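Order as written gives the chain letters A, B, C, D, E and F; numbering starts at 1 within each chain.
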Amino acid sequence: MSESGNELSHLDAAGHARMVDVGDKAITAREAIARGRVIMQPATLSLIMSGGMPKGDVLAVARVAGIMAAKRTSELIPLCHLLNLSHASVTFTPDPAGNALEIEATVRCTGQTGVEMEALTAVSIAALTIYDMCKAVDKLMQIDGIRLIAKRGGRSGDWERPDPA
Amino acid sequence: MSESGNELSHLDAAGHARMVDVGDKAITAREAIARGRVIMQPATLSLIMSGGMPKGDVLAVARVAGIMAAKRTSELIPLCHLLNLSHASVTFTPDPAGNALEIEATVRCTGQTGVEMEALTAVSIAALTIYDMCKAVDKLMQIDGIRLIAKRGGRSGDWERPDPA
Amino acid sequence: MSESGNELSHLDAAGHARMVDVGDKAITAREAIARGRVIMQPATLSLIMSGGMPKGDVLAVARVAGIMAAKRTSELIPLCHLLNLSHASVTFTPDPAGNALEIEATVRCTGQTGVEMEALTAVSIAALTIYDMCKAVDKLMQIDGIRLIAKRGGRSGDWERPDPA
Amino acid sequence: MSESGNELSHLDAAGHARMVDVGDKAITAREAIARGRVIMQPATLSLIMSGGMPKGDVLAVARVAGIMAAKRTSELIPLCHLLNLSHASVTFTPDPAGNALEIEATVRCTGQTGVEMEALTAVSIAALTIYDMCKAVDKLMQIDGIRLIAKRGGRSGDWERPDPA
Amino acid sequence: MSESGNELSHLDAAGHARMVDVGDKAITAREAIARGRVIMQPATLSLIMSGGMPKGDVLAVARVAGIMAAKRTSELIPLCHLLNLSHASVTFTPDPAGNALEIEATVRCTGQTGVEMEALTAVSIAALTIYDMCKAVDKLMQIDGIRLIAKRGGRSGDWERPDPA
Amino acid sequence: MSESGNELSHLDAAGHARMVDVGDKAITAREAIARGRVIMQPATLSLIMSGGMPKGDVLAVARVAGIMAAKRTSELIPLCHLLNLSHASVTFTPDPAGNALEIEATVRCTGQTGVEMEALTAVSIAALTIYDMCKAVDKLMQIDGIRLIAKRGGRSGDWERPDPA
């Protein structure tokens, strides 16, 4: 962690929250990829996926929820800047060995600040939506591993998580 | 899983999503407690907590974000019913040994359906807010273990997670 | 039209808008069914439906959009009361002879005022979502026939449209 | 319909919904004009219009509702991009011969994607607001003919509906 | 101020914000009346009012904005409970002698907590809307005297401001 | 007031509300500073501030509420344009002599229209939040003096209130 990293930029010198001023940052193309998973009972995962195909609308509903939440991130996260996203997508991959449904979100914009929070919010709300649709049959589900996988653009340049899996 | 548990109630017979009809369910006092955690570097946790006391507004901002999100759960989770919450609170407990900040949300209402999703949403958005405020100094944070701990009220009665920790 | 029907209840004596006071109305179970349709080119309808089955997520996305909009009706229609919906569903029926996709929404609540606006809003936003997803291939689509089909509950009792089709 | 028009761009190759990437599209001035109408009983139209002048706030309320909804289109239509509108207006024209109130919305922005959905949403919500304010006296109203009349700007250039009336 | 009044009920024992638990409070009919004013130049007031009649839509727009904001109070004020308002109205009275436009909001609901914040929010947003529509001609406007005038219902009973004017 | 100032730009020639077209205005860096105050009993001010330090989360909650409201101004004020704020902050200063808590908001963006409404909205909602958290102990609070202090950028250039105090 660099010395300049010792400060939480969302707080002023008195420790008070503020929306950081990004007015002088360059406008660049930005992308963020985030992942997470919902751990569930094998029977629950089978209910969602049948022969590799989703049953009914479950994944479609969660996908829409994640995309819509990405667009509203700045309403939910108090110090986030509003960004006009140019792209958002959410994909699901069953992991029967891990008793999990993997979720990945990709978000892009051209702006003065990154879209990590938008990608992470999309994953989180997609996961909660899966949870909501399955909670009547599985009270032990757990949402895990919500994390940034990669980001591109911006002053700090490209970054990839050393241990993405 | 009971036989009646083989159906995802949020889908109709054709597999199409719908808001389940709760009009015939009893109006009872309900409570849900959910937990989750943000895994972070020790230096990040120290930045948030100093001598056991939070530094600046970090936790206060995350607490507000979680409470506000709980109230808006039905806007975020497509098939959730709108509920008039009678109480919502979010608490944080540092876990230095686990390199984590633990988050717990308690939500109550008197209504026809439970408040699990509201409690889980409060935890998720509080966690994302912590992430947002610390991401400039720690790109490796991860949100883990978002799960229901207990619920009270409703037809299915009280429930506690067998393995809450 | 009865004599008492000569007044627009959403305006006061001076013609100023207000949210009508429903505080003295009985709390009853209420239901509203609304319909509408999107007129489109045959090729567009074929893109959505293939062999009677929807292609991809088109209808699932529109269904979710309609349900979510129903819940937010009071934010969109200035003088509508907020209602806690107990049920909302949206269904689609292709009408190849009429070059149209038919949309029907059913909404229920237990409250002091009806859910007509919620059902009509669900149909309208579902129709606009269909439009949005198909507009790249069909600029001539048209949304038609948004109307109330039936309502149940409330002081004025049950009502069915004389000419529903 | 061109060959490239055979694809619904809001779906990926697997048929899954996504927010289309507009990051490479040119930023141009864009405008869209949409129309629709509310069919109503002659007595209802008379209640709204008296001697050519609107009675009370009815049209003012509907106008505001339409403009506000245009700004929130991306929250309502799941795959719409957020746009910073530079202009929005809604006008009403009584059509006594057609037992209808005609609604027209004009929306403009400078951005990477068009404002059709914003104009159509403004018309739809203005129509629903008229409906709401008059429904106590006229249960047979119907919203019809919501359609795009013209669009300007963007890669595909200017377009006018061949049969606008 | 009573001894029990020495505590800010929105904070727990540790000083942390929470949504107060109102689950045990009685459901009663409640009303709140709030007032405020916009101080402006005489010429600005004349632009709004002509011969005692409002010019154009200015007051109608502000009235709608106030009513809509009342319904969304719980989204804006972090610890406010969501309430289903049964009535909301906003009135304006020019005060030429005081170079002011007086605003009054009345809000009612049947619930477990009062509607003071909803009435005060309606006045505030109506005032800001007046400000917005007139700011191009008057940069010196000021919003003053936003206060509760009366409240009815609830455990503490009826209350009227000793100095309402 | 200049001659061109005799028109309310938010109304068209017929007096109908519209969102003014800002499409031809230059994109410049803009800033607005607004102030207001909450008048309260000395005991209430003491409850908030203890030895110059805020007690518990009161000011942190109000600060977050103000910042979040600034971002949503265009949803609340009907004819406001959506702006992507680059910075927002809210500060509080106790004024024991005046029995008041002073509130100041600073908002910045790079865009085609100013951020006065965003700064004024931040002050208003922060003030209402203070009111909400203290209303159980002080029913006589009053919100006063909400006004623009300075603005920078845009065609009309920099401006400072002649009498800011």
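Annotations
By definition in this document, contacts are C-beta pairs under 8 Å (C-beta built on N, C-alpha and C of every residue); 3 or more make two chains touch, one makes a residue touch a chain.
Since this is a predicted model, take the numbers as computed values, not measurements.
Path length between chain D and chain F in the touching-chain graph (shortest route): 1. Residues touching across the chain A-chain D interface largely differ between the two copies, under half of the numbers being common to both.
When the CA atoms of chain C are superposed on chain E, the rotation angle comes to 120 degrees, reported as a multiple of 5. Chain geometry summary: the mean Cα position of chain A and that of chain C are 32 Å apart.
Computed centre separation for the pair chain E/chain F is 16 angstrom, with centres defined by C-alpha atoms.
If you average the CA atoms of chain A and of chain E, the two centres end up 38 Å from each other.
In chain F, the residues touching two or more other chains are 16-17, 57, 60-61, 63-65, 68, 72, 78-79, 82, 84. Taken chain by chain, the contacts fit none of the simple shapes, being neither an open path, a ring, a star, nor a full set of pairwise contacts.
Chains that are in contact with each other form these pairs: A-B, A-C, A-D, A-F, B-C, B-E, B-F, C-D, C-E, D-E, D-F, E-F.
Across the interface of their complex, chain A is touched by residues 1, 5-11, 14-17, 36, 41, 43, 47-48, 55-58, 60-61, 64-65, 68-69, 72, 76-80, 116-117, 120-121, 124-125, 127-129, 131-148, 159, 161-162 of chain B. Of all residues in chain F, only 29, 60, 63-64, 67-68, 71-72, 82, 84-91, 108-110 touch chain A in the complex they form. Partner chain C is touched in their complex by these residues of chain B: 12, 16-23, 74-75, 78-79, 81-84, 111-112. Of all the residues in chain B, the ones that touch chain F in their complex are 57, 60-61, 63-65, 68.
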